[in-house]
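Per-chain residue numbering starts at 1, and chain names A, B, C, D and E are given in the order in which the chains are listed.
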Amino acid sequence: MKDVDDKFLKNIDKEFPLREELRPRTVTTPDGQEIEIEPLKDYFCEAAPKVHPKAYIPIVENFYNWARANSLWILGFGTGCGAIEMRPLMTPRFDAYRYGIQWRPTPRQANLLMISGYLSVKTLKRAVRAYEQMQGPKYVVGLGSCTINGGMYWDSYNTIKKLDQYLPVDLYIAGCMPRPEALLAGFMDLKKLIKAGKCEGANKYAENFAFYKENQKSVIKDWDMPDYNW
Amino acid sequence: MAQIALATGFVLILAGLYGALTNRDILRMIVAFTIADTGVNVVLVAVGYMPGRTAPILDAAVPVAVASQRIIDPVPQALVLTAIVIGLGITALMLAYAYRLFRLRHSLDISNFTELKW
Amino acid sequence: MVSPVLIIAIGLGTAFALGLLGSTRKTLLFGVTLAALAAMATISLIWLVALATGATETAEIHTAGVAPPFAINLRVGIAEAALLATVTLTGLLAALSLRAQLLTLGRGGMAVLLVLVMAISGLVMTRDLFNIFVFIELVAIATAGLVLLSEDTRAVCAGFKFLVVSQIIAILLLVGIIFTYHANGSLNIDDIGATPVAAQGAALAMFLLLIALVIELKPFPANGWALDIYTSAHPGFSAIFSAATGSAALFVVDKVVAPAGAEWLPLLTGIGLLSFVGSNVVALRQDNDRRLLGYSSVGQLGLVLAVIGQRDVLGDAYLYVAGGLVLSHAVAKAGLFWMSAILRGRKLQDWAAIRARAPMVLAFATFIAMLVGLPPFPGFYAKWDLAQALVAAGRLPVLGLILLGVLIEAAYLFRWFGFAIKREAPESGLSANMVDCGITFAAVAGGWALGWIWGAIPGQHNVLATLPVLAVVAFIALEPLPAKLKNVLAIAALLGWFALVYGDYDPMRLIFAVVMIPGGAVILLASFSETGRRIGFYPSAMAMYAGLALLLEANTFFEFFAAWEVMTLGSYFLILRGRMSEPHALSYMLFSLGGAFALLAGFALASGGVQPFALDQLGTVTAELAPWVFVLLAIGFMTKTAAMGLHIWLPGAHAEAETDVSPMVSGILLKAGLFGLFVMLMQLGRQSLWGVDLTVVLAWIGAISAFLGAVLSIFQEDAKRLLAYSSISQMGYALFGVALMNHLGWLLAMMFVINHYVYKSMLFLAVGGVYKRTHTKLMYQMGGLITLMPFTFVSVLVGIIAMSGVPPLSGFGGRWIFYNAIMDADLRLPLILIFMAGPIGFLYLFRLIHTIFLGQLKDPHRQLKEAPFWLVLPQMIFAAFLIAFAVLPGMALQRVDGYIGSIFGDQPLIWQGRAITSEFGYWNPVAIMVVIAVVFVAVFLILIAKNHDAQKVKQFNIVFSAERPYRPETTHFAWNFFAPYRKAMGILETPVVTSFWGGVTDGVNGAAEFTRRFYTGNGQTYAAHVLLFVVAVYLIAMGGVA
Amino acid sequence: MTFEWIQVPYALATLFIILNYGLLMTAVVQKLAARVGGRPGIPVWQNYIDLVKNFALRSKISHGVMYYLGPVFRLSGGIGLIFFVPTIYGSTWAQNFSFAGDLILALYFIFFGTLGMALGAGESGHPHSAIGVSRGLAQVTAAELPMALAVYAIAIQYQTLSITEIVAAQQGGLFNWTLFTNPIAVAAAMFAYVGTTMRSPFDVVIAPQEIPIGPPTEYHSAYLALMQTNRVIFPIAKTIIYMNIFFGGATNWAEFAIKVFLLYMIPAVIGVVHPRFRVEQSIRFFLKWGLPVGVLAILMV
Amino acid sequence: MIRKVVIGLMVALLGVAFWTLTSGYVPDAELNRTAAYYAANAESEVGAPNIVTGIIVTWRGLDTLGEVTVLFLTSAIIALVLSQSKTPKGASGAGLLPSGELLVTGARMLAPLIALFGAYVIMNGHLTPGGGFQGGAILASGVLLSLLAEPSRRFGHTVIARIESFSGTFYVLVGLAGMAYAGGFLDNGILPLGRFGTMLSAGAIPLISILIGLKVGAEFSSILESLHETEDA
């Protein structure tokens, strides 16, 4: 089931006009000429994501995958209540660092996007953007029941029920909330998957780009960004 | 004797100056200046005066040979003539100016003519 | 030869005879008047030429067939002839200027004018005291008459005030004359002088005589009456009043003071100086052009009076000096008054109307330069000789006051010139007609001719006759040509001159010459990007280059100083061309003049009046004087290098100048100061004053400049200001190097001469190119231009790497030499500042490149193009040079190093192959370059191997905390870039120096405002002022006698 | 000293040793911080894995030419610094290319990488990068000052600017070290040393959450890998300079390892127990404490 | 008040200076060298018994020329000054009462006598006290009398102007003649000195005196005339 009934779709263009700063505007150059600026074209890269092949030599790819698995850099992005369970991983008791896991403040340097709890429509937009700004190979882990089926918010008007309709999820960690131990177990599983070469979420996202975009746009009404956020 | 004439001249000068600088009325200033001019002229002739001598005109009483012992100094007399005429000229000019100024503002108070300043 | 009496006879006879012609045929009357004036002028010119060429002797003319002292006699010597020529020519031209009024009034007015000119001529010629009185009264009455020619009704009031004072003068004069006669028994000036007097009261009589004549000179502050005349009279007449009457009155004082005796000279000097300084101060607050000219006139008269007071020390130079000043004043002031007749508005700002006509600007500039005493005009030569004589006689305070007065005068004159060039032109504009313009240009021609004559007098160095200055004149003549053609000619001229002279220079001069002359040519390449005719640019630029060229050529103090002034003048005009540069050009001029006066005083002190004094004799100055010479010269040169404290002119001047002017004034002009310092230190060496080693003081100033310049630079938002402050910092380094007084210190400074020229020119051109495209200099309004202006970016990149001293570019060489130099020096503490300045320099440079070229591109700039080719070309030449110089520093430095070694007698650097070794360290530029290049390329290849397929993204594709940027403006971190620095070190930004100079300016202006309240406008009060003045001087004089 | 081709492999070998040593040292420091916090911390080989991973990233973006060249400048700066400084005193093959220049070259070459990095970060268009750069540059001006003064003091003391000669002068026993012959200069230099290693309390430049790690915020993949490489070798290179001029240099690799380790630990140890300074605080700190010591150093020589 | 005190003080200080002059003044016992020369050479050089006239016209002739010019200037300027603010034509003096018969007749009778006296003074200038100036002033007083007696009367400006121009020009020409035919500008020796003490003696002095007299008379008349025309209130 889709989250949204098409019958209720309204004329989005009218109701959610493009943000003012993204509408084409006319500016005067220093020389006095008038030029058109189309922000979405001029300021954002429009290229679609590419499918990146694996390394040509399998052993190299395996080596890379081993390194990727042992160097999981998490984007520090807490979406919901699950984020509270992430913090203990940095403490002496759990210390995820010893597994090569660390938190990076910028998506450019992170490989792993933890969707820590439910995503509201508003947060989804940010999550999508953050995900797209990460460099592949990259992984998505859904944390908690809410990311799987909406959990206790299954009938909410404002939350996302099935995360994998919007982002290529590599792994779910069930629970409401999953305890840090469960998270660690999840990371171990993710490592195994990566080492096995099964985590090709980035390529999957690129392959099924249209599908993901359609789903994303069906809930995010004020889509005020390019299709792919480089 | 000569001192008295001199002193008179100087007093006239000073009185004229004082009057010219304290009276705001332009005509009074002009009059004051003529007094001062007169004072100057008195001083001029007083300087040329020498006691016991006569006017510098050569005639039977004053033959050329003894002229230099008999006559007073003729030069200040010549000078004073010029000075008088010049003083007169300036006085006349000032009067004409006074007239112009009066026409300009219907006033003869010098403190009314101060547009040009600073 | 025609008898000079004819001047009087023609004037008078024609005045009388006009009545016979009837009063209706006005044109005929006017024609006769002109003819008479022309005849008078011709006679005086014939005499002038005859006397000047030595064809005839000084003429003594007896009247009444009796020899003096018994009859009135006249004399025509060279001075009289020159004055007669001035007077009669002024009269002739003034008659033309007054033609409309004269034609309306008919014969009366013409007769009065003729009598006036005749009377002034008589005043000049007569040798009889009482005759002087007669002529003075004639002049006074005629003046009172001609004042009325003005359409301004206020002139009537002015005339009356004038008459009131004339009366007082007449009274004093007559009393003085008669008692002098009584004491001496003679009225003949020469006879009085020749006869010793013992009579009591003679001194007092002489005092009354002199003071009356002095009041005739409108001494400050007893001169309100005269100023009103200047303000309200017709300018055609004011020209006579200022130029002719004033000069003649001065001459009368000069005549009378000779028999009066030398004991009166100090009094005259005092009054003259008071008048000169006081009038100029008051003039600062004037906004009416004619009144300002009036103040300037009385000021100039005061100056000459002071010179008369100094005749005892001037000796043979007396006529030359006084004459130069008087004639400069007369020609310039007459010209300015005639110009003011052309202008309709009376505010100073209204002179902006002349901008529409380039020749008018030239005329204005000529007159102002004449008044201030800049080369090539006579006032300049006069000022020089005066300073020499005064210093030789130990009268430094007099010189100081004169220079102060000139500086103040320059302040308002150049401010006025700035108004004319920069302010919005009023609608009323010009009422130019051929005759008025012709009269003005007659004065201009007269000014230049005088300049030539004063230079051509034997024993002088004729500034106008030097090739570079002639080139400037040629470029004035070439103004109608298109700019591009003129540019070709200018470049050719520079290169040609260099080809002509380069063989004569020692290596150090050669480096300066290369930077200044061919270096200037390279910068001129950028001027090809300008279109149109660019009126005014080439003469100014060539004047600056001419000054620089002559500076290097100079062998004597005088040549050096003349070159210095030419350079200053040229660069002032150049700087003034900038769009917003009016106040900055003014402050540049004032600081430069102040500095130049320090040089003047220094040179005079050093030479002790001996002329000509060769530059390399500087070392022979006596030990007591040497430190003072050092101080004065150093102040002068440091004004040009903008050392901290004397720097406030620089940021504005460099930042607001035009695109191709900024590199000239920054890259090249600043080096003139360094050159001067080199010349000075080479000869004077170390000096100490009160136990303080002056080179240490210099080093401290250099260090402070280097540090504070850098600190201030990082807080600038304006790119060109940033570079300008950076220049202060860089010159601080160079100053420090020079002041180290060792071999490597000097080599360091030479390295800075080259490097700073190259990278600062390059950066200014680059920023100028950006400005040309973006029309802003505020860095935070730019950003992201790297893709649009790649070449400009490269030049800035190369420039900042070089400038910050990061290897491998040439700036590092400077730092290396610096470290080696300080190892030799005893100075340690100032080094802290220098050390700190280095990384701070890095800050502002990074800011420059980041905020302009990196970061976010702004909406309006999205379609900008690369800077024009002609702006980029010199930058690329510079960049190539920087890299080459970095690899092969020896090509420029090795010979200089040898030369400096010959001065210090050591050779600390060993140039071996490509490596340079010093006592302490070593430096192999080639190796550095190769290692860095190889490593860089290797790493780059690795990166390419991995990231060759990177997706090129656009400027908003940045991580933004899962949001996206809205506008480039809000995403560009640029304004107040070093905010933390401001928090930590902002205290250094406190504008102490600016406040200080601002306080000085405000103080002087306040004094001016206060003083001018003195002029209440009440004629009676003015008369009281005169009386007060007389009494005050009397008390002072008698006190002095007692 | 002149160039011979054999120096190239020698220098590369030195580089290799230093790279590995640096990777380990960095991990050790992180481990140290973890242990202070009671955590086990990362494995010591973790940095190798991260490096490989970053090289192995598949997708990359580029913001432009300078962005691309920034890491190249950065790493060239680090490698060049190693190449311009002799590593082991007396060793024929660890002299690198130090014939190219002396101590001054090394001191000024430090800025090469900084400049390139700043430019690259600038071109990414990210305001946080610029903020980071602004902070870093502002702080380093104050922090480097005591070092410059100390170097000057040392140069005067030994009357040379050549690193090799300075090291030579310190041979022959512990008490010949500058540390003992000129302790004030060393103290001054240590201010700079601590201040420029980007560790707490002077690490506001790369505040991780406020301005997500500052200058390199847009860097990833091989760019980041190059920068990481530099990040491990550059501190070592700098430590070598300090070691050479203040702590007697090293005559063999063991001595080198020990001295570098000890020196390296100084800022690390200070870092783990100190909170962060704001930029203006650190500037004031250096001016208030570092500068007087430096001044004292040049006055005492 | 303060003003008066200050000015009084200054005048007093000036008075001190003058007092110094007065108290130190000692009349000459002998003629000084200039005066002695004049006394000694009045007969031989200028031939005028009245030494003062000799000085005025010859030795200090240039002064006198200037003096004449002063008057000329004054008159010209007064004409200028007043011409610019002249009241409408005919208005001047119109408001005054007509003069009485007695006054008019008396004045008309006196005027020629005054003129005659003036001419006498002029002609005898070189012999007795008097001369061009004095005589000219007397001439002008005749004009003044007429003007006062008959306020509405107008004199011919043109005639006066012609006289002043002619006499002035001629004076200058006589002066130039001195250069050409005698010792210098304004030398009276262009005419023979004649017999000392007679009317036609002293060279050009009588001629110059006449010219001066005419000139002065004309100038004064002109001035008076101009001032007279301003009488409108």
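Criterion: contacts are C-beta pairs under 8 Å (C-beta built on N, C-alpha and C of every residue); 3 or more make two chains touch, one makes a residue touch a chain.
Since the model is a prediction, treat every value here as computed from it, not as a measurement.
Colleague: Under the touch criterion given at the top, what is the topological distance in steps from subunit A to subunit E?
Modeller: So the least number of steps between the two chains is 2.
Colleague: By CA centroid distance, what chain is farthest from subunit D?
Modeller: E
Colleague: Measuring centre to centre with C-alpha atoms, which chain is farthest from subunit C?
Modeller: Measuring from the centre of subunit C, the most distant chain centre belongs to A.
Colleague: Measuring from the mean of all protein Cα atoms shown, which chain centre lies nearest?
Modeller: Going by the distance between chain centres and the overall C-alpha centre, it is C.
Colleague: Report which of A-C and A-D is connected by more C-beta pairs in contact.
Modeller: Result of the comparison of A-C and A-D: A-D.
Colleague: CA centre of subunit A versus CA centre of subunit D: separation in Å?
Modeller: Subunit A and subunit D have C-alpha centres separated by 37 Å.
Colleague: Can you check how far apart subunit B and subunit E are, centre to centre, with Cα atoms defining each centre and the answer in Å?
Modeller: 15
Colleague: Using mean C-alpha positions as chain centres, tell me how far subunit C is from subunit D in Å, no decimals.
Modeller: Centres of subunit C and subunit D (C-alpha means) sit 53 Å apart.
Colleague: Please list all residues of subunit E that touch 2 or more other chains.
Modeller: 3, 7, 11, 14, 18, 21, 25, 28, 32, 34-35, 38, 60, 63, 66-67, 70, 73-74, 77, 81, 84
Colleague: Multi-chain contacts only, two chains or more: what residues does subunit A have there?
Modeller: Within subunit A, residues 45, 50, 106, 108, 230 contact more than one other chain.
Colleague: Could you pull out the residues of subunit D that touch at least 2 other chains?
Modeller: Only 59-61, 212, 217-218, 221 qualify.
Colleague: Which chains touch, pair by pair?
Modeller: Going through each pair of chains, those in contact are A-C, A-D, B-C, B-E, C-D, C-E.
Colleague: Could you pull out which subunit A residues touch subunit C in their complex?
Modeller: 21, 25, 27-31, 33, 35, 37, 39, 42-45, 47, 50, 77, 106-108, 126-127, 129-130, 133, 224-225, 229-230
Colleague: Give every residue of subunit C touching subunit D within the complex, in rising order.
Modeller: Spelled out, the residues of subunit C in touch with subunit D are 784, 786-787, 797, 800-801, 804-807, 812, 815-816, 819-820, 822-823, 828-829, 831-832, 835-836, 838-840, 842-843, 846-847, 849-850, 854-856, 915, 918-924, 927-928, 931-932, 935-936, 939-940, 942-943, 946-947, 949-953, 955-961, 971-974, 977-981, 983-985.
Colleague: Would you mind writing out the residues of subunit B in touch with subunit E in their complex?
Modeller: 2-3, 6-7, 10, 13-14, 17-18, 21-22, 47, 49-51, 55-59, 64, 67-68, 71, 73-75, 77-79, 81-82, 85-86, 88-90, 92-93, 95-97, 99-100, 103-104
Colleague: Using the touch definition from the top, list the residues of subunit D that touch subunit C in their complex.
Modeller: Residue list for subunit D touching subunit C: 3, 55, 59-66, 68-69, 71-73, 75-76, 79-80, 83-84, 97, 99-105, 108-109, 111-112, 115, 118-119, 122-128, 130-131, 133-135, 137-142, 144-145, 148-149, 152, 155-156, 159-162, 212, 217-218, 221-223, 225-226, 278-280, 283-284, 287, 291, 294-295, 298-299.
Colleague: Looking at the complex, which residues from subunit C come into contact with subunit E?
Modeller: Residues of subunit C touching subunit E: 3, 5-6, 8-9, 12-13, 15-20, 23, 61-66, 69-72, 105, 108-109, 111-112, 115, 119, 122, 126, 128, 130-131, 134-135, 137-138, 141-142, 144-145, 148, 175, 179, 182, 184-187, 199-201, 204-205, 207-208, 1024, 1027-1028, 1030-1031, 1034-1035.
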